[in-house]
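Pasting the structures in now, so scroll down.
You will see two complexes here that share subunit A, one where it goes with subunit B and one where it goes with subunit C.
And now, the complex of A and B:
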């Protein structure tokens, strides 16, 4: 593993940590005061800082350091995480993300902004501290009353109550071997910025430990060198990790200390009992000391060229990645593994056994590999379909065992396909989290107070969809805050909560993912929209439009209701771009708006872009696939139901309403004359904006799942065609772009661009 | 840092007691040598072993001088770190509580 790869892993982990950080902060923002949440937030920043230090990313380290210090105040209850504090923290999380990105991709960050935030963070850390300093001091008092007075030599067995530490679990490790450790740091250990307390803390994490500090060599104050190492420790620890685990803790300090580790057979308490000087049990929960870890290390390191730190033992215990990397060349594989584990444990200090168990094991896989697998499974599905088709064609004997086998094969392939698709499925959470940042920034710029509520973050959808979702969602969120929500004063005047709410929800609905973005703003100002549309020559001045049609005007290219153009929105490239992106994903977007109550944008997207349930139809001798999601119903038109309209338009009457009949063959130029509707089949489809159209095809062959093959990638974009697929008989079938065809039927010709986005 | 009280002197410890602070801490303590001392460790966030050494060396010295050496206040991190590294300061605290 070379340094770049390690770095890449670091950045991947950073991304996860940043997500963790943000979700934690948002939880705090919602009033969550669970110490574990605070710890999680702290850990995230801490891990980023630790890793960044190993790679010499000084900007990142210094910012994370300040951030961490402030978070520490929150953790130790010196700073109340109220809304104002969290606002600064959320911004800091954004800057931290920027810094991380800048470190990875190059490029700069807004220095003024990060400096400002550093100041704010420092102010928070300093400002609150003196006032709260009484509180922690008062705490230990009750415990002390009960403590028997020890003689001045110390080393008394201390009755130790774990209650003082707030209900931590004591792990039960009945069969853990006990190790006895003699640890005597040398002067160099401290000089290199390592810290005995941290090593001991890390050691205490791997098992139940008792410790005795040997202070005999301690000279009187006047004779002592403050930077000399006088203390040495005798430790007895019961750990499952055994001697190796213990050595791993000291791995990067062992040149700078005298270390003796041996496993003892007896129970460690018996061992401790034999000792002339009893040992002191170590409190299990030391999370309060976590700050000590990196801060001490980080600060000690700063003067000593962090760049070179990868080669020194100095901060190994806070840098999981680096630790792993350094462990590998020098140690055997077996040693490397615990090293990683231990380092990871160090990076997630307060991680209790519970949280460790909660996380299911995962692996990182290159997306390309997954895609290749998906592609292969797609081929397998096609191949299986071809095989079964040829068996059916050649099978004259009726039922045969081959058919049964094929059916099983079909089920298996389908299952494999589903499982493979599930690999690509990811929760929408990362995108949603990005949105909360957008909301914060826009709210800041516009001076509005906005609360983003997200629901269904764990709804899973194909990774491609997620990736492509971010951009339209960003546009929409910006619009919702900038245009949708009113200014706080206005909201107050209207009797609303001055804080606006934007709600982002995701859910699964009949094989699709539905994402809803609702704001509680003023709703779409239809008068204004209409006037604007008239001004922009989008509609005739006397056009009679339904509310829904007016609402849909905002999806029209070049439309913006903002009075003045801000840099947030209002460049007129908002909603039409959104609509286009959503459509490019095979999705639909609809609005429903209530004046004074807000608007709801609903996006319905396919779960995957790799397969599609389609209806296979024949049009003028060509085989086409119509996405099943678009079809409302199919019907056999009767002559009496067909009505001519104008020169060439025809309508079909369905249950007392008229619906335009669209001859797919004509639109796609498969034939020059109109087919007789009575000979064909009509597919009633829902088009954008809610209207229905009857697509006329010659015959329906059947319904099946098809594997989507991009036309653009293999050929070129064909208007009216969304993609292609390979059918069971080996032929290529085109997948119909229903919306494009419907739009074309309105008189617009099929154009190369996808600007066919209908306006409703 | 030290402020004079009637009989005894007091010393407030810095929040960060790391490598850099060890020498400074020793100097501060040396300046207070010979008088009763109440240490305020309530602001302490991190304690390194070096500073722990200095504090304990001072405790020995004070004891030899027959002067009182107590931790009047102590933060949770301070107490826990001391406990972690097996340095027993309970007796130094306990006397204060008894007083």
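And now, the complex of A and C:
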């Protein structure tokens, strides 16, 4: 794994954190005051900041920092997360998302906006509390702790032993000041895992020093508490890093020891001479060497904890038991250090893989791999079907064991297929969450007050469906707020809550996912829609349309009822595009609207794009599959119901309404003459634009779930054909593109179609 | 013998960085995603040093450190706090909980290894 891969992971994680952030903020917005919610929100921003810092994404870090500071105020109850505060925070979350995207994909962000929000966030953090209590998070940390430890320490991984104290690596600089250090550890120092010897070792790395150990307070052995700290050291060190450098060494320990550091300006020689009695570490080292332990690795992992204070027994003449027992590990550990360095040089990345992350409840898999699996399972399904069929054809004796085996195989195959499909299934949550941002933005632009309620966001559906859902949904949400909801004043005048509600729900229903978008606005203004349709020559002025038909007019190309084209919905993308994208996903969209109460758009989508429930039909000797979702009903036409219309058109009368009859065989050029409808079967389908058509086929073979094989990928696009599949008998069957067939049959203007529907 | 480091961090990004950095430096790395998991794997991981984040779900770094310090076997193990918190108050709290030292993010591999070297022999 290299840095780029980790960066990729970082951005993935950012997306999750941003989602977490937003859902947390929305929960707070709904009045949730659970501290864990606040914590989760804080953590999300905090994590983004942490990762961004590691990658040097400064814009992201600085924004996240300000955001985090304000969130910290909420976390510590210094700032009440009321609606106004949350409004700023939700906007900040949006900016944070923008900054993340900009960091990943390049490109700019709205700097004015982010600066503005930084100001607002800072105002929130400052305004609500005394400056003093806010300060710690924002101002630079005090010098002691902020001093970078490692940056200027220049640690060199040289093999180390205590002989090296005062070693030759760092010749004393002429101007290196000498520091006098009095270091008296408390027992807490050891309790927190710090080590006096290690601190002294570190100290030895910044200059030449001499050490004297004061053991006066060491009690007799019988009175000794092995966890107590008895020793103190007096150190004289000549280091160019000066007092600060010395204090940096004791950075981790300064609270748990008495530490005096002072710089000796002059008289260095005299002072040093006085202090520089025989260096204590030398006997310390010798005493251990005498133990003759050459195997550095052997002792390194022995727990050395309980006797932590005994290591201070630096002299060989101090209670030998204590000295030896503690000193051994510490020396061998010291030896182990270079060994680690060597290992680092020869580090084999593969070897480390085994020790990677413990117990992960989820794994991340390349989508490609899943898709390959899905493809293979598709093949398996086909193969299993073929096997069944050939057994049936070749063996009429009905050997039960074979048939039973086959049935089990079929069941297993179906289960494998379902399980594999489930891998691709994802909750619609990310898309839903994106919508709340869309709502906020439009609400801002239109000056409307909107509340988005989402339900069923954990409903799962194929990832491809989710990906393709975002765009139409975005557009519908925009429409709902821009056209659907009334302005606050108007709502108030109507006795409605000035805050409009948009409700987005997802649920599973009979093997499909149903997504509903409901607003509590004014509903579709049918008079206006009708007038507009007449103005645009979509319908005849005297056309007699049902409410439903009028509602469906909004799905026609280029139809927009907004008085003036607003910035939001007037981008040349109409509901017709929405409808087409839903249909491209094998879905359907319907609308129901009540004047004064709002509109409900209902989308029904397949759970996966890899398989399809189809009706297998025969047309002119060819086997075709018609997507079941398109079919409203099937019927056997009677001669009396068929009416000729114009030169070659025919209509079928169904329950007192007329419906154009489409001969699929003719459209696809399977045959040149029209088949007699009475000999065939009519499939009543709902097509683009809401109108119904009766597709004529010769016979229905049955219903089947088929695996979709792209025709474009394997052959080339064929007009009127959506895709192909392989049937149980191994033959390729084409999947009908119902809308394309209907469109081809039409060949006439939209206006005529509508008038036909109108007269129906 | 490789030195074992137990890292406790809820961020996948940081976990991966720790893993790569530590493995490249020749450490054996065991990872946990939060304080609760950190305490769960402690015995089995048997680390020589622990690196932990502060802000984590379920059990934060403070609680985790306190938990380790209560463990008879591991109470004297060096624990480094890896956190973006650079303010004294947080460090102080970590210290009171029993942290040995800290590494201030942004994550810097040199600083990390250096700090580990400082608290381990």
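Just so it is clear, the second predicted complex is superposed on the first by the 451 of 760 C-alpha atoms of A that agree within 3 Å, B and C clash if a C-alpha of one lies under 4 Å from a C-alpha of the other, contacts with A are read in each partner's own complex, and residues count from 1 in each chain.
Quick note on the criterion: a residue touches a chain if its C-beta (ideal position, glycine included) is under 8 Å from a C-beta of that chain, and two chains touch if they have at least 3 such contacts.
Bear in mind that the values here come from a model prediction, so they are computed numbers and not experimental data.
Contact with subunit B, but none with subunit C, is seen for A:211 once the two complexes are overlaid on the shared chain. Applying the stated contact rule after C-alpha superposition, one finds that A:221 touches subunit B and leaves subunit C untouched.
Of the two partner chains placed around the shared chain by superposition, neither subunit B nor subunit C is touched by A:70.
By the touch criterion defined above, A:581 reaches neither subunit B nor subunit C.
In the superposition on chain A, A:251 makes contact with subunit C only, while subunit B stays out of contact range. Contact with subunit C, but none with subunit B, is seen for A:9 once the two complexes are overlaid on the shared chain. When the two complexes are overlaid on their common chain A, residue A:196 makes contact with subunit B while staying clear of subunit C. Within the superposed three-chain model, A:231 lies in touch with subunit B and out of touch with subunit C [touch as defined at top].
When the shared chain is aligned, subunit C comes close enough to touch A:53, but subunit B does not. Across the superposed pair, subunit B and subunit C both touch subunit A at residues 136-137, 140-141, 144-145, 148-151, 155, 190-191, 193, 195, 197, 201, 300. Residues 15-16, 18-20, 22-23, 25-26, 29-30, 33, 40, 42-43, 45-50, 52-54, 56-58, 60-61, 63-64, 73-77, 79-81, 83-91, 93-95, 97-98 of subunit B are the ones that touch subunit A when the two sit in their complex. Remark: subunit A residues 72, 76, 129, 133-134, 136-137, 139-141, 144-145, 147-152, 154-156, 158, 185, 190-191, 193, 195-197, 200-201, 204, 211-213, 215, 218-222, 224, 226-231, 233, 235, 279-280, 282-283, 286, 288-289, 291-292, 295-296, 299-300 touch subunit B in the complex. Interface residues of subunit C facing subunit A in the complex, by the touch rule stated above, are 1-3, 10-17, 19-20, 23-33, 37, 41, 45-46, 48, 55-57, 69, 73-79, 84, 86-89, 91-92, 95, 98-102, 105-108, 110-111, 114-115, 117-121.
Only residues 1-3, 5-6, 9-10, 12-13, 39-40, 42-43, 46-47, 49-51, 53-54, 56, 61, 136-137, 140-142, 144-146, 148-151, 153, 155, 157, 190-195, 197-198, 201-202, 251-252, 255, 297, 300-301, 303-306, 308, 329-330, 333-334, 336-337, 339-345, 347, 349, 352, 355-360 of subunit A touch subunit C when the two sit together in their complex.
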